[in-house]
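In what follows, subunit A forms one complex with subunit B and a second complex with subunit C.
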Partner chain A sequence: MKLLGKQRNAKFKNMQSKELHEHKKINQRKHKRVSFDMKQRRRLSLGLYMAPSLTGVSIFFILPFIVVFYYSMVDNPINNEFVFFDNFINVFSNGAFQLAAMNTLKFSMVAVPLAVLLSLGLAMLLDHKIPYRSQFRTFFLTPMMVPVASVVLIFQVIFHYNGAMNDVLSIFGISKIDWFKSSYAQVVIIILFLWKNLGYNMILFMAAISSIPKDILEVAVLESASPWQVFINIKIRYLSSTILFVTILSLISSFKVFREIYLLTSDYPYDTLYMLQHFMNNTFRSLDYQKLSAAAIIMSIFMIIIIGALFITENRFGKDMEE
Partner chain B sequence: MKRFYKKLTLLGVAIAMCVSLTACGKKETSTSVKDQKEFVYVPEYQEISEKDDLSNLVVSNNMIYYTTWSYDEATETTSSSIKALEIGQTESKVLPIELTQDENVSMMNVDKDGNLVVVISSSIQGENPEDYTQVVTLKKFDKDGKELMAKNLEEVMKDTGEFGMYIQYLTLDDEGNIYLSNGDSKIWVLDNSGNELFTISTDSYISAMGTSKEGKVVVCVYEQDKVVLREIDKTSKALGASFENVPDLYGNLSLLKGVEKGFLVNSGNTLYEYDLDTQEKKEILNWIDCDIDSNSLAAIVGLEDGRIFAVTRDWSGENTKSDIVYLTKTKSSEVAQKTIITYGGLYLSSNVRSAIINFNKTHDKYRIQPKEYISDDYEAGMAQLNSDIVSGNAPDIIDLSNGSVNQYIEKGILEDLYPLFDKDSELKKENYVQSVFKAYERDGKLYAAMPTFSINTIIGKASDVGSDMGWTLEELMALVNSKPEGTEVFSYATKESILYSLCTYGLTDYVDWSTGKCSFDTENFIKVLEFSNRFSSDSEYAYDESAPSMPTKIRNGQLLLMMTNVSDVASYQMYEAMFGEPITFIGYPSSSGTGSSISASDVLLGISSKSKNKEGAWEFIRTFLTPEYQTKDNMWGFPVLQYALDDVFKKAMEPEFYTDESGNQVKTMKTSWGYDDFNFDVYEATQEQVDKVKNLIDNADSVYEYNDEMYKIISEEAAAFFAGQKSAQDVASVIQSRVQIYVNENR
Partner chain C sequence: MKEKRIRLYIATIVAAIIAILFLMPIILTICNSFMSASEISSNYGAIFETNEKGGKVFISEKVNLKFIPDMVSFSQYITVLLKSPEYLLKFWNSVILVVPIMVFQLGVASLTSYGFTRLKGRLKEIVFFMYIILMLMPYQVTLVPNYLVSSWLHIINTKWSIWLPGIFSPFAVFLLTKFMRRIPKGVIEAAQIDGAGEWQIFRKICMPLCKGALCSVAILVFIDYWNMVEQPLILLSDPEMHPLSIFLSKINSGEIGLAFAVATIYMVPCLLVFLYGEDYLVEGITYQGGIKG
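Right after this comes the complex of A and B.
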């Protein structure tokens, strides 16, 4: 009987543990369902919160991009006959596109590094306690306040064939230079670009410099690090994300310099000033959508590659600082 | 994560489907009939048995009143009469209104009682030329021709100044008051007995006058940079209320009483209804859609039953033919459907318009629907046409007369016409003037066809330029340098005009569209700039009124060369006589060739390579190339069909005769030419003269095409050289740089 009782007890215990296990299982399932419901709800609410901006981005960015891509693949928007890469081949083999792409590349390759380096240099300079620091800061920011039309007018007055610059040069016996219609044209535009953009870049760098932890800099000085070592190993590493940001910003601005060039020289400028935006603008004016779309796609791919490369670089050199 | 990718894939597929669906939808639309209107006006013709030239048509109470004018060759007298024709009848009756040989009905209108108000002008020539008297009389007749009133307008119109007594517009209001205007700036208002009520002077020209359905009398004037209608206010005796948004209108047949309200406004190819209350215009009909040439309209009246009544005149035959046309508004679906062929160009020339109307009248399968792109300016019109072409909405037939042919060819916009020629059972390409076809031939494909052509060239005395065609700029400059100081090279020449001519007529020297190569930085173009700079600028040019006439200067050797356009043998005969000695078509200076270029004298046509109805488009284009069209008399330019051209030369050498009173055949001049103080009667041409013209045609080796954008760049840059600020080399280099971009972009 005892045995029976023991057996019964064991059986009961066994049953109990089984039930408990089952119960646990049910509870787990319930818990899982609850957490699944919670997750779904969360996702739904996230989706709802994101919906307005997602719709905006889709309508104004993604959809137009798809349309442009579609236009670049068809013969014209009415016939809609797929020509696949014919439009891209036409654009690549077009002399005007080649010239525009080369000029834009040249301009960006010179103007963007200069805009980053000079503004960084100015920010470093103004980070030191020099006299009239505040006035200098304001001085470099003023071009931002001047409307494009006025900037163009100022540059026309200075660099016109009969302008102030040639008057000054004539004092030194140098013959007149046609600044906008000669090989000097890109130099003038680079000066204009830097004049317009240095101030803003400089402010961004100054803000970044001020956020570098002072204790690290002090430790470096106590450890007898040279100013160059401090600059390269600490400051530049802390500034890397800002450098990336300023570079991208300058790159975008370098593509937008067309606005000033167009106002200075109209649709068909001297060949060194003929930018991709000229090509786009003129093809848009002649409503050559296919050429325009193909060129826009090529340009965006190129931009994606450059910005991607910049991100990779920044990830390599500045990630530890962010952490 | 997998679910996310699944969703992404699904989204991609959905977008792809949407895109492909959109494409299908559009494709269907493009094949449907374009611009189909809901209603059309269907014409119903009724011929009038009137052989004389009729004018001043007015309609009242089922009666048409009009004036006729005829000339009797036997008696050498003219006669005018006023006739009445009942609507629906073909025979008219002459009203018993006596008009002398000197009298001419200049205006006629009808009042609400059916009385005719007529302005009769007469001129009395005295013994001396200065003894010339002009009399303008206002008369009123009842519907049977009985005179009710006569009034000499000399007293009323005494202040007409240099324009003399002349009535351009006549209209009446419901009270029978008579409104007269000379179209300059005067309006005279008379009561129904012809007594002057008041006079109004306007600041601008009066381009139309009429009475609205509501009885308001308005004039059309140009005020503050726009055309407006101004009401004639009897109370203030001045111009009153102003009405805007008026369609362009000009002439007697443009401002007509409306059917339901306001006015019917006839503006070019379109008839509008204009509402004075809302100042809105509504298109009623397009004359071409009704197979009516708006140039042939002699009367338009809106009938009470909603039909439009019109009278047309056709002068193309030996006698004037007049038709009454009733236009009935009908649903498009009730009219026999034809395949629509669209014709697009900046504007329609009169020849094209009548060709379209004839084609639409005679073809059962196709109908040509024209679209004029002309707007405020040339550039906007061309931009609109180009926009339609590149967006795939190109007209089936493109009028290429206004340039851009080379760009269209390079972009593959135009269809090769030779296969269509080959399929044609009647027209053979070998039968046409090959040098003209070659002008628009690329790699054995013909992209544009012109029915008639002319040759742009420069003429000089053979003693100056030699007898061979073609020369270089150096040779031209050598000729100029060999002449005494002050000898003019071209008449009315300025830096800008010479540069324009040398660039546009010699553009093939500097731009090769097939390779995209520009050659503006060459020695040759630099010389063009330097040569142009010899002349005075547009702003400096002073017209010397005391200078001898151009023909005199040429004969005296004071003027060397003349730029011209040769379109017939007679013009060669005239130039030869004007120069007073043998001449040579030396052409525009060019590095190679003759420097003479072909241009379409009327129209240049091509077919869109995207057209769905190429055969239909060809059906229309071929009408300009048929022997019937090519052998027509009075064509402007040389016909492109070789045997028609040979016929032109043959006819040029045949004398013309008339029969005198005694029945004798007397040789007479074919035509007469005048140039300043030089007059020349053209008789039959000699074989030598014809050969010279033939030689010019055979050797014309380039084609004229104006490119606005390119010339804008050239003139903009050349200005710095002309102003002495830059060297020709520097300017040429900048032009080369800028034009090269333009050419590359547009290939």
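Right after this comes the complex of A and C.
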């Protein structure tokens, strides 16, 4: 009797658990369906939010891009015969393109890291509790406001052969430099670029620095970590996503510097200043649209690789921090 | 703590030197705008001797960098503001072209970036990546297709050809999305549990928290389009519609005597936008709430 009872009990338990399990399953399915619907609806509504931009971008940016891609593959806009990679080979073997690509690469490789590092340095500098901190911050931002055309005028005045910069240098016994017509030209452009862009980058870093949790820094100090260790192990970790952000922004503005170079030196500047945009501008003028398109596609492939790499490194770092 | 104080002094001095270097060009522009035209051309004439073929005889070969004018004169301003209505007209053109772009780009972008921050998945990542790539395209490349699209839509030589590509530019989307991602997840989740719909979350939580970011992006967009040169030159064939930016780059080589005054006037809107928004610019995203991240 006892055994039977036990057995029954066990059976009952078994049944119960089975039923329970079944019940749970159904419940889960139901739940899943409900949440699926919700998710679907949420997605749809979010999609609607993005619709205006997606339409606009498709019409004014993606459609043109497809047209560019098409042009890069055909021989000329009238014949429209597919030549596949001929245009690309033409561009690659073009001396002007090689020069322009090398210059742009050199410029970006120097200017972008400098823009990131120096602005981080400025942000750190202002992170000290120095007097007139907010005034300094404003001063560093002011170059943003100066119109491009005036920037160009001022830089022409300062870096002219008989200009102020050479006067200052002559005090130190350095002979005159022809800034725009020598290999120093790129230095001038890098100075211009940094002068213009450091301020805003600095602001982004300042915001990021102030969002580093204070308690972690305090603990580190209590554990007698050196300032350098704090900087490398804590601050840089927390700043990694901002560093990526600032790098991309600087990359964008490094492409925009063409406008300044163009206004400074017009169509055919000194060799070291001949940028990809000059190449594109001049090919555009000569109406060689196949060459232009092919160059554009090459450039964007390059860009996809660089930015993809940046994203991957940032993802690694970022995950590291969240754990 | 003596060491700390010394470090502070050094930091201040370094900051001061950098600040002077940063401010110099602006001060130079403003100071020089109070010189008379003849003084300017005697100071800077040498720069443009190559630009003008055998035109004028310049008094000096030397380029004088001068801050304080020999005699304060408003002649530049009088010429610009009173004698030639042209300048004011161009100024107005600039405003008319830039303000709608700024307002609508922000509107479109804030909705889109909200979508980007809330959605998950591979597709979203790919689309966002695409936005970045499109943003990096130099203008010369998209120029011809842009022209084609504009002519298909019959908006060439109208303000729409500048407005529409500007409004849908991916730049603000990229920036705002980056800022919005910093909003703590907990805040949004809490709102969701309380039954807030997407629109409510967007209006009542996201937008107020992003006030600083919106201001910051507005300033950047404004400055960017305020300086545009290529687009109007190609899309607006009627010089009557050209903005001041184009005019300013022409004036540099032509009437240098007026360039500084025009530049100063040109800077005023930027300055106003800046003074109004600077505090927001610095804030970016501010969230001081109960949730510990």
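One rule holds in what follows: the second predicted complex is superposed on the first by the 264 of 323 C-alpha atoms of A that agree within 3 Å, B and C clash if a C-alpha of one lies under 4 Å from a C-alpha of the other, contacts with A are read in each partner's own complex, and residues count from 1 in each chain.
One rule holds in what follows: a residue touches a chain if its C-beta (ideal position, glycine included) is under 8 Å from a C-beta of that chain, and two chains touch if they have at least 3 such contacts.
As the structure is a computational prediction, the values presented were derived from the model and not from experiment.
Engineer: Tell me which partner A:Asn80 touches in the superposition: subunit B (first), subunit C (second), both or neither.
Structural biologist: first
Engineer: Between subunit B and subunit C, whom does A:Tyr289 touch in the aligned arrangement: first, second, both, or neither?
Structural biologist: both
Engineer: Quick check for you: in the superposed arrangement, does A:Ile243 touch first (subunit B), second (subunit C), both or neither?
Structural biologist: Neither partner.
Engineer: Have a look at where A:Asn162 lands relative to subunit B and subunit C in the superposition and call it first, second, both or neither.
Structural biologist: Both partners, subunit B and subunit C.
Engineer: Now for A:Phe60: first (subunit B), second (subunit C), both, or neither, which partner does it touch?
Structural biologist: In the superposition, A:Phe60 contacts subunit C only.
Engineer: Between subunit B (first) and subunit C (second), which, if any, makes contact with A:Pro269: first, second, both or neither?
Structural biologist: A:Pro269 contacts subunit B only, not subunit C.
Engineer: Looking at subunit A, does subunit B or subunit C touch a larger number of its residues?
Structural biologist: When the residues of subunit A touched by each partner are counted, C comes out ahead.
Engineer: State whether A:Arg43 touches subunit B only (first), subunit C only (second), both chains, or neither.
Structural biologist: second
Engineer: Looking at A:Leu194 after the superposition, I want to know if it touches subunit B, subunit C, both of them or none. Which is it: first, second, both, neither?
Structural biologist: neither
Engineer: With both complexes superposed on chain A, which partner does A:Asp178 reach: first (subunit B), second (subunit C), both or neither?
Structural biologist: first
Engineer: Across the two complexes, what residues of subunit A are contacted by subunit B and by subunit C?
Structural biologist: Correct list for subunit A: 162, 289.
Engineer: Which stretch or stretches of subunit A touch subunit C in the complex?
Structural biologist: 42-43, 45-47, 49-50, 52-54, 56-57, 59-65, 67-68, 122, 125-126, 128-131, 136-158, 160, 162-164, 167, 195, 199-200, 203-204, 206-207, 211, 213, 245, 248, 251-252, 255, 258-259, 263, 276-277, 280-281, 284, 289, 292-293, 295-296, 299-300, 303-304, 307-308, 311
Engineer: Help me check something: in the complex, which residues belonging to subunit B touch subunit A?
Structural biologist: On the subunit B side, the touching residues are 15, 19, 23, 26-27, 30, 383, 386-387, 390-393, 516, 610, 709, 713, 720, 725-726, 730, 734, 737-742, 744-747.
Engineer: Going by the contact rule at the top, pick out the subunit A residues touching subunit B in the complex.
Structural biologist: Touching subunit B from subunit A are residues 66, 70, 74-80, 94-96, 99, 161-162, 178, 181, 268-271, 274, 278-279, 282-283, 285-289.
Engineer: Considering only the defined contacts, which subunit C positions touch subunit A in the complex?
Structural biologist: The contact residues of subunit C facing subunit A are 7-8, 11-12, 14-16, 18-19, 21-23, 25-26, 28-29, 44, 46-47, 61-63, 65, 108-109, 111-112, 114-116, 118-119, 127, 129-138, 140-146, 148-149, 164-165, 167-168, 170-171, 173-174, 178, 182, 197-199, 202, 216, 220, 223, 226-227, 229-230, 245, 248-249, 251-252, 256, 259-260, 263, 266-267, 270-271, 274, 278, 281-285, 293.
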